[in-house]
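For reference, chains read A, B, C and D in written order, and residue numbers begin at 1 within each chain.
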Amino acid sequence: MSILVGAQTRLLVQGITGREGEFHSRAMLEYGTQIVAGVTPGKGGQAAVDGRVPVFDTVADAVAQTGADAACIFVPAAFAPDAMLEAADAGIPLVICITEGIPALDMLRVHHVLRAQGVRLIGPNCPGVTTVGGAKVGIIPGDIHRAGPVGLVSRSGTLTYEVVQAMTDAGVGQTTCVGIGGDPIVGTTFIDVLQMLNADPKTEAIVLIGEIGGDEEERAADYCAREVRKPVAAFIAGRTAPPGRRMGHAGAIISGGAGTAESKRQALQAAGVRVADSPSQIPALLRDAGVR
Amino acid sequence: MGDHPFCPQEGEVKLQEYRSKEILARYGVPVPDGETATNPHEAREAAGRIGGPVVVKAQVLVGGRGKAGGVKLAATPDEAAARAEEIIGLQIKGVTVRTVLVAPAARIAREYYLGLILDRGGQTGTIIASAEGGVEIEETAKTDPEAILRLPLHPLIGLQEHQVRRVAFFLGLPAELRKDFGATLRGLYAAFMESDADLAEINPLVMTDEGRLEALDAKIVLDDSALFRHPELESLRDLREEEPSEIAAREAGINFIKLDGSIGCMVNGAGLAMTTMDLVKLAGGEPANFLDIGGGAKADRVAAAFRIILDDPNVQAILINIFGGITRGDEVAHGIVEARASLGRQVPMVVRIVGTNATEAAEILRAANLITAESLDDAARKAVAAAGSQA
Amino acid sequence: MGDHPFCPQEGEVKLQEYRSKEILARYGVPVPDGETATNPHEAREAAGRIGGPVVVKAQVLVGGRGKAGGVKLAATPDEAAARAEEIIGLQIKGVTVRTVLVAPAARIAREYYLGLILDRGGQTGTIIASAEGGVEIEETAKTDPEAILRLPLHPLIGLQEHQVRRVAFFLGLPAELRKDFGATLRGLYAAFMESDADLAEINPLVMTDEGRLEALDAKIVLDDSALFRHPELESLRDLREEEPSEIAAREAGINFIKLDGSIGCMVNGAGLAMTTMDLVKLAGGEPANFLDIGGGAKADRVAAAFRIILDDPNVQAILINIFGGITRGDEVAHGIVEARASLGRQVPMVVRIVGTNATEAAEILRAANLITAESLDDAARKAVAAAGSQA
Amino acid sequence: MSILVGAQTRLLVQGITGREGEFHSRAMLEYGTQIVAGVTPGKGGQAAVDGRVPVFDTVADAVAQTGADAACIFVPAAFAPDAMLEAADAGIPLVICITEGIPALDMLRVHHVLRAQGVRLIGPNCPGVTTVGGAKVGIIPGDIHRAGPVGLVSRSGTLTYEVVQAMTDAGVGQTTCVGIGGDPIVGTTFIDVLQMLNADPKTEAIVLIGEIGGDEEERAADYCAREVRKPVAAFIAGRTAPPGRRMGHAGAIISGGAGTAESKRQALQAAGVRVADSPSQIPALLRDAGVR
């Protein structure tokens, strides 16, 4: 069943009638994702995406009437924290927030409330999750995938697509690809996803895509060394980034020598992870590790 | 606690000392009266109004201004004017001083460090305190970590009175100052939360010879993502210290950082942009910039990106790498071709467009005599080669 | 949501309609202009200032004032005076009306119920809403529970915007009123939190014919334990509706409730006081009061308790039950003997003192000719017998 | 080892230099309770209770230097919420708050924070906990106890002493007596203590002392029926209390027929609990149930 989402997922899209929400909902439906409801306050009773998805005023109503069990959020940054809390309060156990630019103090609050409620939050500022052949939730292009035995976790957006495309081109398929997002406060970390992929019987090998800043990759390396018995390949972006400058993601920053690409690469290598110099090397590293 | 000289679109907004103090004063933090001056005359007048000895301080966002001669004492208004004359126009770490702060010279009995940061690892706000104030806290962290108290705040209920007491006892404050200290820490916390700051620090917080607490220097760094709800703070951003090209980029919605190499980069997505730079380096070249053009790149943004990249005379070639997941590749290709036609300066361009309608895109690019590439590694190699042939 | 006519020392403080509205208006809840009047002349003047038809409403803390004739319409100022004349002095459930509220008569299109309570079971504040306003919510809860939305607040982050929307959609409010409704619910929440309320309700919240929202009636019940930090609210307590003996008790720091029986009780601790009353009843008597003298009973408090108990002419005997855990029994006994000497009226007293120095206490009591008892059951029986012999 | 506290408990007293704090600390020491530290901000370095207990400025200092593992709070109502949070933040797993008159909204916040931190809070507005022959924490008079096989849980203060005295006078001893407090929001409920006493091998029978108001006793009855296999005797105060009037404890209130003494008595009887009409009947009911 891979991880997080699949053919059985009953997805609800918050902000489905917005430009982004509608565009990506259509792409998700085309991929085969089961979107059972949309939520836009004040548009309850309408139908979105060419009349294919019923719209509700509140998540509570949508859950009561459709049994939605996952939410994907496309509402603007000023309203996204409230949207996440609404999904959690309505009892949805998996919330995937695509929205970028959410203030850190808001995310702090949301993160801790959702964690206490036992809700799994992916993101924010993330491309989403795709279980190949099952469901695509978020904005990862559907056509770059190929079914196969490799799970992927990444902090990046288009860099993820680049790696997935390279794998698919080389005939190395995927189980589930998870973009955890690049913000300072995210609901799900590398370690959380590594744990899930490690436990997933369909996943035979794992790819980790990191970047400079923070120490998440170092901690993930430590976790790999201790717990993961499947082969892991990794790529870290930002070897040439000058210290002390932010490169887009608020998380991608190097302070005082910690969190450099080199420190991350070394930690991963020490943990037995195969580290690529370029995304294009990932398929070969996986083949070397025995992936068919 | 890091020292980040640049504040691109997505990230942090650092405020000058006098602006940081303005905010703290609003929340009840005791800040010495002071006035800014942009010329010696204003400095003399300010010192006259303040009365007594003053300190004249360069207002720049880079660290180490003291060592660079940017902070000087003056006993009289005339001396203040003379010191301002010396400081204004000074170059500190490449930044020209345009403004000084004239403030009463405090007689310092003791110096403390008191800061609040958003701790990403701990996923909460954290109080940082040390009785060794007046030096960079990063320095103390290295030389004497025991001298620093790190006290995480509860993410949902925030600063508690027992934490205020704990910091006061840790700093060994005299009993009679504990009440004022409470007001100071609570004020710092309120300023941090209500401004959506990433960092708010007072360094040094001093006890004067007269036994009063004063925030002698202060720094606030704001969370850029939260500026939309603080229009009153947006105006405090100090544009003059940023690269003009970076200001232009921010206004165009582009995330740009100028570097020293010769290969301009235009990429969608920050991670992919860094990867592109890495591969340029791996191919033997040097990137001239980091540039993330953002999602759904439109023709006008492509044009702005070209202008910003070519504004740098060092740029000898441009590498464009677009993963057209959402955007249609052929549309991006058209945008590039059009924008290129109107450019003043022409350099070789290597364009790689992957994803939706990549084949159509490749045809458009070839028709326009742009160099295309099979893979990202290939694109980087071709860009390096093209730049080399220009130099 | 219960209806509690009494508010002894420890517990709740119920506020009158006009005082509740005063508080809500401060937090932005739309409240119709209104004025209080304590005589027909004031009511006429108020109606004149308001202009147009008004409603004259008895200001009492008991429910059912409408059915009791305490709420009347008046088309003119003279009519308002006449209605005030009828209402002021009226007895509603034993309470005399002294004040009326004169307010504009609203033309009501729809009525809603909107309340916030501290839900002890759920251990958090809870929004209660119903589109069937104007009736007691307890009534709706019985007849049509589906018509009520109960929405618990997060105990640490409080009211969220999605909850405001959910209530608005549940009530079926017209889209153009949703913004005003948000301000109303947020105001009600702020009033609830910042006043430390146990209950804050608007019933009915009405939509007028002109399509405006108005809080036509309101009730706030405060948490007595929190009054120490709301000196501005303490003065809002309406003493005139309480039993004078209960007011005197509160001032003496005694928790007292007057009942209808003949056996006065003086006990330390609420649970033990109720148990003592239960045993009086079990022995065939009727308690005249609940009285918890509190911890560490001192002589002056014992004396005050005697005065309060004997103020009730029905009292024929007094049962004193003190578990001297902390307090020394002999000291309490001395206090009882001394206080008794200065009492105007003498009734039989059964005294049981247990715990520390109980033996010494028993001797003092016997020497003073007070009836003592071996056990609580024994004490209750003796008190009932003593009261019987007096009647 | 009975429950909650015992001879091994290393107690810290917050507000130890106050009138109440010092008085009861002395009584606790006399009982044999191990008080390792006191806390009064600004009096750190002094020694309290005739020089027998070292005083610290903060709970964190006290814990670091004495290894305290339980806290008893005597500070005034306005400062007690902060004191509870301080104890919890310092890592103390058991907090017993004697203070009465704490605003309900404060307790709401404290209760939920402590619960999330995994801290066991007893009270507030409670007499404390005594494990007979082990440790007395709080204000229950020490000399009313006798060691034996009965555990007790109560919402009341002096009524608890009355029942304990009656048991001791009749030769029926106790393991641990717990006063959970009568406030609307308390950290530990009847059910929590029933669970502990049910699991305690030294406890052979249980006494429950309730009063009117709320539905805690009804829920406790339900728990007894489902889980408790030891004999339980109970007393409920307030049969003669008139409806709708508060009797001291904010919790002791009857609203609309629910929470009456009769409803509680019936629920307990239906659950197989022996219900007394007077505290004096408790020992006999326990004897009937086989307690030696």
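In this text, a contact is a pair of C-beta atoms (placed from the backbone, for glycine too) under 8 Å apart; a residue touches a chain by one contact, two chains touch by 3 or more.
All of these numbers come straight from a predicted model, not from anything done at the bench.
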Chain at maximum distance from chain C, centres defined as averaged CA atoms: B
Approximate Å spacing (C-alpha centroids) for the pair chain A, chain C: 55
Intercentroid distance (Cα basis), chain D paired with chain A, Å: 48
Gap in Å, rounded to a whole number, between the CA centres of chain B and chain A: 28
Multi-chain contact residues (two or more partners), chain A: 109, 113
Overlap residues in chain C, where contacts from two or more other chains coincide: 156-157
Graph class of chain-chain contacts, one of line, ring, star, complete, other: other
Touching pairs - complete list by chain label: A-B, A-C, B-C, B-D, C-D
Of chain B, residues touching chain D in the complex: 154, 156-157, 160-163, 165-166, 169, 175, 178
Complex contacts: residues of chain B adjacent to chain C: 156-157
Chain A partner contacts - residues on chain B that touch it in the complex: 1-8, 10-12, 118, 120-121, 123-125, 138, 155-156, 193, 196, 198, 223-226, 228-229, 255, 257, 259, 267-275, 277-282, 287, 290, 292, 323, 325-326, 354-356, 375-377
Residue ranges of chain D in contact with chain C within the complex: 23, 77-78, 101-106, 108-109, 111-113, 139-141, 143-144, 154-162, 165, 182, 184-185, 209, 211-212, 214-215, 235, 237-242, 244-253, 255-256, 261, 277-280
Chain B-facing residues of chain D, complex: 41-42, 44, 57-61, 79, 82-83, 85-86, 89, 109, 113
